[in-house]
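Both complexes shown next keep subunit A, but they swap its partner, so subunit B is in the first and subunit C is in the second.
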Partner chain A sequence: MLSGEFIAFIALALAAIMGGVLLLNLTKVVHMVVAIVFTFVSIAGIYVLLSAEFLAAVQILIYSGAITIIMLFGIMLTKHNDESEAKGIGWRKVFMFLGVLAFGAAVYIGIYDLDFASEPSELHVKNTEQIGLALYSDYIIPFELTSVVLLVALVGAIILARKDDGGKGEDKK
Partner chain B sequence: MELLNLYQNNYLIVFVFLCLGVLLPVVALFFGKLLRPYKPLESKYTTYESGIEPFHDSRVQFNVRYYIFALMFVIFDVETVFLYPWAVAYEKLGIFALVEMLIFVVMLLIGLIYAWKKKVLKWI
Partner chain C sequence: MSNIPVSAFLALALILFCIGLYGALTKRNTVIVLISIELMLNAVNINLVTFSKYGPAPSINGQVFALFAIAVAAAEAAVGLAILIALYRNRKTVNIDEMNQLKH
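Showing the complex of A and B:
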């Protein structure tokens, strides 16, 4: 049972969860970003295990590359020397723990015997080409909608930052 | 299946490189801390300024303009990612895919022109 794939999955899953826990528990914001990069990279490894190599490359490129950069910029725009405050009171933690436990149980029940009845396919053969063929023939409308979403994000970002620009004269750095 | 296992085993090399990449800075910094002398003095911790007394924090808040550049980078990064499967599968998709991709690129070009017109691309 203890195949290499199993060991790799356990290691990657542990690294991903550890990154998430560290993200919540570290006190300095820049350290938190490093922790979340570990989570992103481990998730990319899990994609490789699932023979979704294009997705793994995209995960590295977009998440641990671009999203991390944008988070760092977001931190640098705010008080980046700040540290997180002390945790709340005791009974709140109990409720939180119960909530986490209930969520874990629900997910476990939900996915343990899940069966999609999918037809076997050669996923690892020409991964990128398969995605391209599916994306640009069957899922063309969602793809074009993506471009609209990206356009909205770009225009929205410009509008938000331009509004801040009105007061440029008074505090020019 | 045999071939797939052989293929996936090649990821061991990737894993070795990943471990090296993580370990190299960790080991370097650890040995640096181990070997360097540690004699803290108040004046050593001040910022190096030639002549004048340093004041204020050395790290300042970034200008918000940097954030727009970061966001534009993310958006065009996502666009590039969509180009990869299109380029790989282009031979089988034909002219229809070309038109689709043209629409997609023109959409983002509108955004770029908008940014240009709003003088976001100009630095101050």
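Showing the complex of A and C:
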């Protein structure tokens, strides 16, 4: 009963959860970012198990590549005290933990015996071609709107992060 | 066809979501809070892709939605970092418990 697919799922899930737990427990900020890369790469493996190869490639490119690097830039450009966490266990953290645990238990009650009698899918056959066809036929308007969102985010990020000296006085130019 | 139950994928996504939620609520460094939010978005994407394969009506639409979610998450990360850097220039701190200007 222990197929290779199941073993791969267990290994990837353990790596993902281990990365998340390391994110919570490490003390140095850069180590936390490196730990979260483990989680992102493992999630890409999970996507391969779910026959979403294109999404796995996108996950590696965007999350493990772009977002991790941009977070490292954010850490580099700001002065961080190396030990990020305050000493001691506050009651606030305990209540947060209990709240998150209660949320997790409540959702787990809903999903632990969930099962669908689904027919086998054909998602793994020409996965990228299927996504492309869906994007350019059914989802063409959201796809084009995504470009507007990315443009607005680009312009907004530049305006927010720019030094605004010389913006007020006309004599600078 | 497959012997991995669908609830295993959903439980993995739930655990990652809870880790991200706890990190976003308790961490002091704002960059780590942003990373925790990205982790929560990733957990949601796992759910979307799982239902895209094992749901009652399997189709490609779940993967397309996950792609849109990734695009919006990337835009959110860029704008969040820009806000963080603008805030750091004014207040010289990245600790989230010192960003309390609205309290005074």
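Basically, the second predicted complex is superposed on the first by the 141 of 173 C-alpha atoms of A that agree within 3 Å, B and C clash if a C-alpha of one lies under 4 Å from a C-alpha of the other, contacts with A are read in each partner's own complex, and residues count from 1 in each chain.
Assume a contact is a pair of C-beta atoms (placed from the backbone, for glycine too) under 8 Å apart; a residue touches a chain by one contact, two chains touch by 3 or more.
None of these values were measured; they are calculated from a predicted model.
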| item | value |
| --- | --- |
| Partner chain(s) touched by A:V30 [first = subunit B, second = subunit C, both, neither] | neither |
| Partner chain in contact with A:K93 - subunit B first, subunit C second, else both or neither | second |
| Partner chain(s) touched by A:I7 [first = subunit B, second = subunit C, both, neither] | neither |
| In the superposition, subunit B vs subunit C on subunit A residues touched | C |
| Touching partner for A:A52 - first (subunit B), second (subunit C), both, neither | second |
| Subunit B versus subunit C as contact partner of A:I69, first or second or both or neither | first |
| First (subunit B), second (subunit C), both or neither touched by A:I109 | neither |
| Contact residues common to both interfaces of subunit A (with subunit B and with subunit C) | 5, 49, 51, 54, 58, 62, 66-67, 70, 73-74, 77-80, 131, 135, 146, 150, 153-154, 157-158, 161 |
| Footprint of subunit A on subunit B - complex, ascending | 4, 7-9, 11, 18, 57, 59-68, 70-75, 77-79, 81-82, 84-90, 92-93, 96-97, 100-101, 103-104, 107-108, 110-112, 114-115, 118, 120, 124 |
| Complex contact set, residues of subunit A against subunit B | 4-5, 41, 48-49, 51, 54, 58, 61-62, 65-67, 69-70, 73-74, 76-81, 124, 126, 128-129, 131-133, 135-137, 140, 143-144, 146-148, 150-151, 153-155, 157-158, 161-162, 164-165, 172-173 |
| Contacting residues of subunit C [partner subunit A, same complex] | 1-12, 14-16, 18-23, 25-29, 31-32, 34-36, 38-39, 42, 45-46, 49-50, 52-61, 63-64, 66-68, 70-79, 81-86, 88-89, 92, 94 |
| In the complex with subunit C, residue positions of subunit A that touch it | 1, 3, 5-6, 9, 13, 16-17, 20-21, 23-24, 29, 32-33, 36, 39-40, 43, 46-47, 49-52, 54-55, 58-59, 62-63, 66-67, 70-71, 73-75, 77-80, 84-86, 92-93, 96-97, 100-101, 103-104, 107-108, 111-116, 118-121, 123, 127, 130-131, 134-135, 138-139, 142, 146, 149-150, 152-154, 156-158, 160-161, 163 |
